[in-house]
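So, here's a batch of structures to check.
In what follows, chain A forms one complex with chain B and a second complex with chain C.
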Partner chain A sequence: MGQNKSSIALVGAHDVFTKNKMLVYYIGVGLFILLYYLFSTTQIYTQYIQFPVAKLFSFISAQILNFIGFPTLIDDNQLTTGVSSISIAKGCDAIAVMMIYTASVVMLPNSSFKNKMQGVWIGLAVLIFANIIRILSLVFCNIYRPELFEFLHIDFWQIIFIFLGASMFLIWLNKYAYASK
Partner chain B sequence: MISNFISHKLFKSFFIVIAMISGLQISFAGIFFDAGPGTGAPPQIFKNHIMFPFAADANPIGAAVSSLESPTRCFGTLNFSTPLSHHAIGDGWATWSHGYTGDVYTFVGGTTTTINLPPATRAFYFYTESNNFATYTVNAIANDGTTTGPISINGNSGAKFIGFYTTGSQCLLKSITVTYPPAANGFAIGEFGISCMAMIPTMSEWGLIILCLLLLAFAGVSIRKRSLAVPGGFTMDVSGSNHSRFPFVLRSYLPALFITIVLLTIGLCVAVLGYDYQITYADIPGGIISACIAAYIIHLVMLPKNND
Partner chain C sequence: MPMHPNSNKTILLFFGKSVVLYFLLLLIIRMTPLKEHFVLQMNHLLNSIYSDILPKTKVFFHTANNTKRSFALDRAVLPCPPLSHFGEFDTQTIFVNTNHFSKQLENRNNDPNFKLVIQNYKSRLSIWDIVWMPIILVFSLSVCFPGSMKRRLKLIVGTSLTILIIGLFRCYCILLLELLNAPVLEPLILNNFFKNCIQFIAGLQGIEFIYISSFVVWVIGVLILTPFINNRLIWNINPPKKVLHHA
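Right, the complex of A and B next:
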């Protein structure tokens, strides 16, 4: 169909180019996440990142609860509202989700630094906001419908976070990743 | 075709990365001890695990008890290596701590007992106190050798919390052996709390793997679609291309899925047989969904350009 040896060779070269780009991206994301996990096992991470982030989530959630009329006490990363007590422990801070999202955005080839930063900041802001909503929903669930706590914690919010992370990334890819001025 | 597929260097490299990501939890898992609140009341959440206290024991006071039904979700029983005597605070056992008045299990004159835990136990705590009203050094050791080290416990209202937890499902808690010195003239254990669920952070290990694979798949489609071969052999990137279409070729996807499921099965078999891993209720759906997405990514890498 009009193909000669040279055009076949060029198509082959293009295939290698695209696949290598993909592969570099996959390896880049893999290494980014690997480094994060290695770092997350250190005391420095626990002391200077995980604990302050959990404390910040507790603080923001407590302020919102106090504002809407639910007196809430915070003790480090423990929220106590009446009979409900919730601890924002390691893993409840959504840092891992944020890191996976950030790695996927930052490593994408051919997207400008500005576009990447835009994707990272907006994505992280949405995930942080969603995590605060999640914490508040768990507090209220623990007060009013404690029998639904496990479902909400294990099933519902997990699916929401997967959906949210994937949607944010897809929107960014389609609309903003390659946007020019 | 399949042999070509397996021998492809891109496939190999990619799978190494995926295996590295998936295997991270395994690399850093283990059983840990935590002294918790000491003589204070037990926590609802212990090291990310929602703890379920054991229900009140229906056995009569004074009965020899060798097993206890564990709370919901744990599907099994807790066993004592030696039958222990069932008592309650104020009814056969004088003191405890933090106002607890429930069931305890005593071994008067004994020095050691092993608590065998239900399958899939991820965190477990108990309180213990010596028979004599004095301070003794106690030691508890988990099935993998993790130990509390010497703990001083006062026999007069000084019952102390001893908690163990695991950071990964491949290293579950199976037993805890408590040892008192003979001078204590026996001991009591009780106020058990257990978690048989996976750790329940924002997302579980499978949730994170699925999210990661989804993002990789989306990005792969995007990278593929943006690179266009143009006549003359140049490659260029085109802004504003249509990303809504996901390239899919069944005859490439099926071998990729087959290989992924075979590798996942081999991995699980190695984990179960070689590392004593206990499959959890999340492994089957999590594994299947991850395998489907991973196979799509591999198929994407393998797909020739003219298949779009």
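Right, the complex of A and C next:
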């Protein structure tokens, strides 16, 4: 008695969210993506996240290229192998896919901390490894088949990365997210 | 505990089939003049919506390699040569300051020897990346998604329309941003909040973001079309079996 409409609506919303943990999860991941992209436009992100990550990827790729007999110079996030020169720009560093994957795993309700950590480490390792493969493939493509560079860069690897992140998440969800000891 | 795809094989098959279909469609489109046709159709739509929407500015969207490019201003039809080596962009946007143009026309009426100078600004866009490529992506995902034909059709129509609307909105923000930055056009007066919003939305044109946002739109479409039953997300084709409670 005496309950006003707004408090009834609030109780209703509270009921929906406490009963529907998955709905809260989807909204949470959606909000995270929005906030991530807002943050990615800032100078702090560019200076302290994007640039160091790009530099790290170019360093690892250069070490591999030097090891397999392709002398490579690095200048910040730019890789120069002979006549080929590519720079690891925003969007080619796989940070977005890694962030969204991590958020999707960490926010999942009813999964243990241990299972989540396993999912995060394995997933990130696979994505980092795949990104190094992507960079190396783009370097070789730029040397031997430069006409295919745009296709490989834009059409091929972007889609492969999104599908890789999504399939890894679903496989983790399917087999490991709720696995007991 | 959420219900999810019943096996890793289902997941890998789904993404595998989607990738194959996506690349197959891209191959067909690249081997035929379909891409130019799609871009041209989108430019017609953009021209019909946005040509006169900006204050004191007329906008023309031109497919870059179209040989019959021209734009009509008042009674004059001005031809533009086709553009080659346009890089990853497929569309040229031409902004004409109509305020300046009408003043020039007045001067011309007073003095027939007066040389007409059209104050314009040109920029580049990739309509293919903003609209068509994401539509091909959601189409491939929807076709390969396990479920009834009705659900697939709903997914294709719903997600494609959403992407089209998002694409139109992005194009509008890009136009506003160009208007804010172009020195030869009439200045657009907006407060800082709206300026920042426009810059943020127009700045999200990276190919990675376009792909991720399209995938997110598709996931939302799946979630909307998929019933939630006791916190469960139903991916499987068949509805879950009823749990029988025995006394």
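Rule of thumb we're sticking to: the second predicted complex is superposed on the first by the 162 of 181 C-alpha atoms of A that agree within 3 Å, B and C clash if a C-alpha of one lies under 4 Å from a C-alpha of the other, contacts with A are read in each partner's own complex, and residues count from 1 in each chain.
Note that contacts are C-beta pairs under 8 Å (C-beta built on N, C-alpha and C of every residue); 3 or more make two chains touch, one makes a residue touch a chain.
Computed from a prediction, not measured in an experiment: that's the story for all the values here.
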item: Three-chain arrangement built on chain A, chain B and chain C clash or fit; value: clash
item: Partner chain in contact with A:S104 - chain B first, chain C second, else both or neither; value: first
item: First (chain B), second (chain C), both or neither touched by A:Y37; value: both
item: Chain B versus chain C as contact partner of A:I171, first or second or both or neither; value: second
item: Partner chain(s) touched by A:I154 [first = chain B, second = chain C, both, neither]; value: both
item: Superposed model, chain A: greater residue contact from chain B or chain C; value: B
item: Which superposed partner A:N131 touches (first chain B, second chain C, both, neither); value: first
item: Partner chain(s) touched by A:K21 [first = chain B, second = chain C, both, neither]; value: both
item: Contacts of A:I86 with chain B and chain C, given as first, second, both or neither; value: first
item: Residues on chain A lying within both footprints (that of chain B and that of chain C); value: 19, 21-23, 26, 30, 33, 37, 41, 90-92, 96-97, 100, 110, 150, 154, 158, 162, 166, 170, 173-174, 178
item: Chain B to chain A touching residues, read off their complex; value: 10, 13-14, 17-18, 20-21, 24, 28, 43-45, 47-48, 50, 197-204, 207-208, 210-212, 214-216, 218-220, 222-224, 226-227, 229, 231-233, 235, 237, 239-240, 243-244, 297, 300-301, 304-306
item: Chain C residues touching chain A - in the complex, by the definition given at the top; value: 1-2, 4-8, 11-12, 15, 18-19, 22-23, 26, 88, 129, 133, 137, 200, 203-204, 206-209, 211-212, 215-216, 220, 223, 228, 231-233
item: Sites on chain A touched by chain C in the complex; value: 19-23, 26, 30, 33, 37-38, 41, 90-92, 96-97, 100, 110, 150, 154-156, 158-160, 162-163, 166-167, 170-171, 173-175, 178
item: Chain B-touching residues of chain A, taken from the complex the two chains share; value: 6-7, 10-11, 13-15, 17-19, 21-23, 25-27, 29-31, 33-34, 37, 41, 85-87, 89-94, 96-97, 100-101, 104, 108-110, 131, 134, 149-150, 153-154, 157-158, 161-162, 165-166, 169-170, 173-174, 177-180
